[in-house]
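We just call them A, B, C, D and E in the order they show up, numbering each chain from 1.
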């Protein structure tokens, strides 16, 4: 009946890591093959789950509508007067998490492929990568807040080391900056978790609980408790529920990242090795968006509605700000990092609209950005591998030297700037449509936000095309001269094999978005109903 | 009439003088002397209060323990100070500051 | 008369203490410390704690002071030089902060003492009213002995261990290193 | 003048009965006293025959006393034992077990430490001192009487001074010992003065008695504050919270590493227990309680900030850990403030985990120092490649110290946050919120310096290969066990608390 | 698809789009092997056949609509569909018919280019998207094709990507088109939010939500729907913005002259005949949406564009630039026609224009081709597109001259040409409309008439200079040039298009447009009464003016009696295209980049500024310099980090290692607490 597929999916990498630990360090290549096999197995498994996933499984706040559920009691602590601490191992997927799980598996395979040439302590590298893999899978499937938090934090540790040990020149700075930012957000999230724990009881046992689904139902809140909607408690003269929402939002928004909290991202991206950039952009940023939908919106719907205008504003500012800053970058990777800020702004804007179109668009944008940004970072990595330089001004006329590479770059750029036929277009268009709709559907966002957001689409064309023109067109001219032109060989078969599936996926999803929308739809409807409906 | 206050004020004076010695004297042994003065002040307080406690003799008993403990700690402290002297050839706490931020 | 003697003891104790802490000469300072301890022991007697006073003299004068003198002798090779030097600057400038702080403490403690005199704690009033204060006629030694063996049995025993430990430890520290 | 004993003490037989009935409750201490004596004897005689003699006696004694304590966990004796000198309630009994564990780890650590092994005056006396300190710690955790408190604190303090100065092999060790002893003596003198004032206010030394609290309520509040502040100078010295922490970095840095490990754990356990005992001996509506709570909350906030901020600048690992332990003290105080008579789970868990982590950290520090001579962070550069196991364990413990899941450090923090939040909900005391926020904030700050270890060990590379001294791995294995424990207890915290 | 929907036209229309798409896919897969262009030509030829079939089946019949489920968002289903009405099938046919000759022409024209395989790939992609654009049944699909068309245009403009100018031009073209796309996007998003559908038929069809207002002032939102009137106007303007960019309306026209960096065959197909007309097509498609305000703006914009572009065309020396401005100007005519409510006439002009403008470009291409040969052979290093280098070409290239003359006459609207029909229809309706509208609206027809005179001038200037005038190029002058008419593969398409530029294709009555089958098929009733006088006066005046201008041009350029100063303000303004490029570069691009730079600077320094400020307060004046000196990067982390670090340093000072210092600090703190308590409590 329940073959624990999800649990296998989550903990398989841990098993792989354990196996790796037993392999002696001199057998360098064994690690990457183990990792690849694990990644492929996960991909197949998650693909199978994606296929088996029933589109009507809305999930969100009802356990019976989740699929592949594993629900086992985990920690039962008797805390005397504080009651019993109930923590479950509770995982399951719905339309919000299923596509992201598949995306994670895919991006992981790509990252493993991109790590093929890692020589420096390969054992440690792949063990950490596998740990990260496990944490990522866990985050997307955890339904117990405690469990979620554990996985959420567990992601940070491998990343810290992966950036810090295998990164670029200023890797230590970037690693600690990344870590501090995220920890800053998550520590305060912990306080909110504690508050929620005391506010919510399990209706069956009467004990306090970390179960997220119970937290979504206002009936489960203890009357008079801190986060109870009826109690109207305040702290520092801010309503408690709004405060909780803001804290959680900030925690996730750092991950997304939104504009005032984004400065870790360019540094982390620039310093991280290529596979980690891919994972960062492809998966980790999605954790932020996912968290906002799964946790902020679902647990604090009232506060979400209250602050939708501000979220929309943040989204718009992120879109435009990120795009404008991307325009001035001289480092290709940094430019792409800022473009991520801009693109993730659409996710925030779409969510803030709280319409089905906007939310589904935001989900779609996350998926699309997942592999497109992975592709972009992979492309930057290809260039960097060859000449160890990423300066936009240091290259000219690459199209003549590396035609196939140029085709990949051009496709990835155009896909990212929202050319129809590619997935990003669908995401962005429906975010814009949703934002326009918001005024007539729920009146949360004014229409000018949609107009301002669409300016971001324009700007993204500007910086991508500018880069394309600057680096790839014109007569070849390289900063490194002849040595570089020798080093700049066209895409190898391995690289082609990695790039093609991503671009094909972008194309397939762009042409037939129903592949994703069918799975997302029910959950988005349920979520919007949950948030706006009451 | 010698009231409680008299004792307390004498105790307060001794305590403050001890405090001064502790902070100001640049000699570890003199610091110890200052500490003893403070302990004496406390003991004086205890016996002064203890006059009213004929049931448990708490004050006087405490005073006795305090004196004994003071002696023990002086012994330990002096042993340590001697060790310091062996290494530093001084017992001025100001000069013994290798451990610092 | 009694009061006069009390004041005299107090004056000697405080005065010697003041001089003692301001003296550069260690040997003289320790001698003054001896005087302080004696005077305070006298004050204990005034507080009807004769056994404590005796203990004070025995332990402090007999034990602590001698220890200190030894330590001083062992540690200060330039003893003779310093013996020649008298008290120099009474208010040495670098220590004015210490002086200020102790003065403030003195003020606070004196204020507290006066407060305690004004608002005498209820239990003392009750004891005075019931007449259960210790009188000059009470045999404190007897009482203390019995209490040490009953009520204060645990501290008493523990202190014995403590002393043993201190002995072992101090002996260890000062012991010349054994031959390897 | 002959006085009949019966006249003086008409109820002497009841008193003797009481004493005899009280003794079983103190069985662990009695075992320790016996061991104490045995250790002196074995130090004098047995060690010549068998090198491990005193060590074996000590370990057996501590184990026995721990067994005695754990047998007693089931039957707490809330009423005072031995005329209200101590109270062996359930909380105190858990604390005794915890103290025993820490003492045991310390004994093992000392036994494995090459510094002590090389000590020419042997380590037998150290074990003797340890046993006495163990008794003192137990009594500190159980005491309900100012006299007992004072003696217990003095006992622990004196023992600690001796431990710090024990080796006296290097100038710094003696310096640390001197600073420690002088600072400690001053603090205990001040505490004594404070206790004398409290005695004067109330006429009793038993601070759990109603008379005591009545006396405090009847005294002008400024005086109560004065006396409490003085008393807490002594307790604060043991707990190392701000502003009584000044000695800590110097002493932790200077002391032999096993001793530092001991100082950063055992006295804190007992001190926290003492703090909790004192705080919750008084009713919540009394002035003394509120005043004390306010002071402690303020001190906790300042301590967390001070400890963590000051740690940022440190380059010496032990010194850094000293500040870290100051920061953790603040956290522990937060737990104490949120503690109420039944719910000490969070506090207990935090203490246990904290002790394990700190012990582990110092074992690793000691191990690394002994092998490479590295005490400064700069010399940790690139060590991760040379000593992977040690540094991986170090990193894992650092993660736990920071409070990142899935470690027990995280669960401990979570439990404390939970308790504080609950307390805030119950009382509406806004200082609890401040505590929560500062606690969270300092967690982020602490990341900065805790991660200096992996930063230096793994992220940086060394210019030159350090010289490696050969040594036995026993400390390392001990540390590995602790690391595993720290992580396993993080995933399954109910194994500890259940 | 409902059961009674005729299947074959739908299939045929679908096939029309599919063929070029298959061509695109196969070429893309074949890569460098697809040099011959065979695939592309075959597929487009098949398209022409199916398009013709579709046209035959649908023209004059009831519209056909078929759709298939695409995806669902929330409760809204989106469909992929084909909507065939007269407009769609007309456009389908025109696009396919123009595309085929250009394909054939390209075989010879692009021969030997190293990147020719890309050329065919892009061209097929363009054709597929363009054909898809015209038959799409909903705005989302239209938008998708609209963008892909722009993308293909981008690729083709930048076909010679190693040329910097080409790389610049395609970027500019795409970005300006993007501005329009945003307008389009906003427009249909607004419609969706108001009406919950994007289906063109449901919105603008016969029984659509928007009733055809027929150029009345009645706002279209009289139809049911959720959009307030103001937003309807905004939506209309947004769509118009889209059309402006694509159809190169002033001031967004600047990309089109720059786009001449692409191959000339591309210019003829994309930047003259089809893609640029897409804007006009879109406006016609969604015509019912526009209310009076929008229509007036459209009319005004179209008129201004027509005028300005013609004015710029007067002084250009680059043959392709002149034609490009001519295109812009003609597009302005079409847009103005939309603005006066006469979208059938706009479409009519679109169709006629498609043929003759395509032809003009092909001719220009032939000339450039030959000039390039000439330059190469004699190593002259001249710019092959500069008309100052040409002259007397009639001798060498008579057929080319003939076809170009025909196209030019069609452009100026000379009787017997197709251009005459459409332009007259346009001008006459403009006058009638102005009479009906009253007031300043009269400016529009007069300006348009004036522009048609200007048109005559610049095109005759071109002809005179190229084919007759004196030349500075020696080989041309002495008859030794050795250039000739192009080969049959180029001439054939040109002749075909020249045939299409005559009247019989549209009506058998050469002097009056009223019976053109095209207008009958998609005609609309006018709200005003026809003014019979105009139907005679306007053709007469314009024809007369054309003849006069022709004579003037002959006199000035062939005879060399040029009468105007070349350093006048107006002249220079025209020559430099109104300095618009510099304006965009300096002001618009400069502003965006400036803002971006400011933001980057903020990103780097603002938070630092906060750090510095706090630090100054916290640590006193003495250390400000030190703080500023230290180059901090960014971020709150830094702020917190710096503060923490600073505090840590402060705390460090307490830890100086001196025992008595510690004790003093300790007692000082205790004292402070005590004093506080004593003061508060006493």
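Throughout what follows, contacts are C-beta pairs under 8 Å (C-beta built on N, C-alpha and C of every residue); 3 or more make two chains touch, one makes a residue touch a chain.
Treat the numbers as computed from the prediction; the structure is a model and nothing was measured.
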| item | value |
| --- | --- |
| Set of chains whose contacts include both chain E and chain C | B, D |
| Shortest contact path, chain D to chain E, counted in steps | 1 |
| Farthest chain relative to chain C (centres taken as mean CA coordinates) | E |
| Nearest-to-centre chain - CA centroid comparison | A |
| Higher-contact pair (C-beta pairs counted), A-D versus B-E | A-D |
| Furthest chain, CA centroid comparison against chain D | E |
| Cα-centroid distance, chain C relative to chain D, in whole angstrom | 30 |
| Length of the line joining the C-alpha centres of chain B and chain C, rounded to whole Å | 6 |
| Length of the line joining the C-alpha centres of chain B and chain D, rounded to whole Å | 25 |
| Gap in Å, rounded to a whole number, between the CA centres of chain B and chain A | 64 |
| Multi-partner residues of chain A (at least 2 other chains) | 180, 184 |
| Chain B: positions in contact with at least two other chains | 11, 15, 18-19, 22-24, 31-32, 43, 48-50, 52-53, 56, 59, 61, 65, 69, 72-73, 76, 79-81, 83, 93, 96-101 |
| In chain E, residues with contacts to at least two other chains | 640-641, 652, 655, 657, 659-660, 663-664, 667, 674, 678 |
| Every chain pair in contact, whichever chains are involved | A-D, A-E, B-C, B-D, B-E, C-D, C-E, D-E |
| Residues of chain A touching chain E in the complex | 177, 180-181, 184, 260-261, 263-264, 267, 321, 324-325, 327-329, 355-357, 360-361, 397, 399-400, 414, 419-421, 425, 429-430, 432-433, 435-437, 439-441, 447, 450-451, 454-455, 457-459, 461-462, 465-466, 468-469, 472-475, 512-514, 517-518, 521, 524-525, 528 |
| In the complex, chain D residues that touch chain A | 340, 342-346, 385, 399, 402, 404-406, 410, 413-415, 417-419, 421-422, 425, 433, 436-437, 440-441, 443-444, 447-448, 451, 454-455, 458-460, 492-494, 497-498 |
| Interface residues, chain C side, partner chain B - complex | 2-3, 6, 10, 13-14, 17-18, 20-21, 26, 29-30, 33, 36-37, 40, 43-44, 46-49, 51-52, 55-56, 59-60, 63-64, 67-68, 70-72, 74-76, 92, 95, 97-99, 101-103, 105-106, 109-110, 112-114, 116-117, 120, 123-124, 127-128, 132-134, 138, 140, 143-144, 147-148, 151-152, 155, 159, 162-163, 166-167, 169-170, 173-174 |
| For the chain E and chain C complex, residues of the former touching the latter | 660, 664, 667-668, 671, 674-675, 678 |
| Interface residues, chain D side, partner chain B - complex | 146-147, 150-151, 154, 157-158, 161-162, 165, 168, 170-172, 174-179, 181-182, 185-186, 188-190, 192-193, 195-197, 199-200, 203-205, 249-251, 253-254, 310, 313-314, 319 |
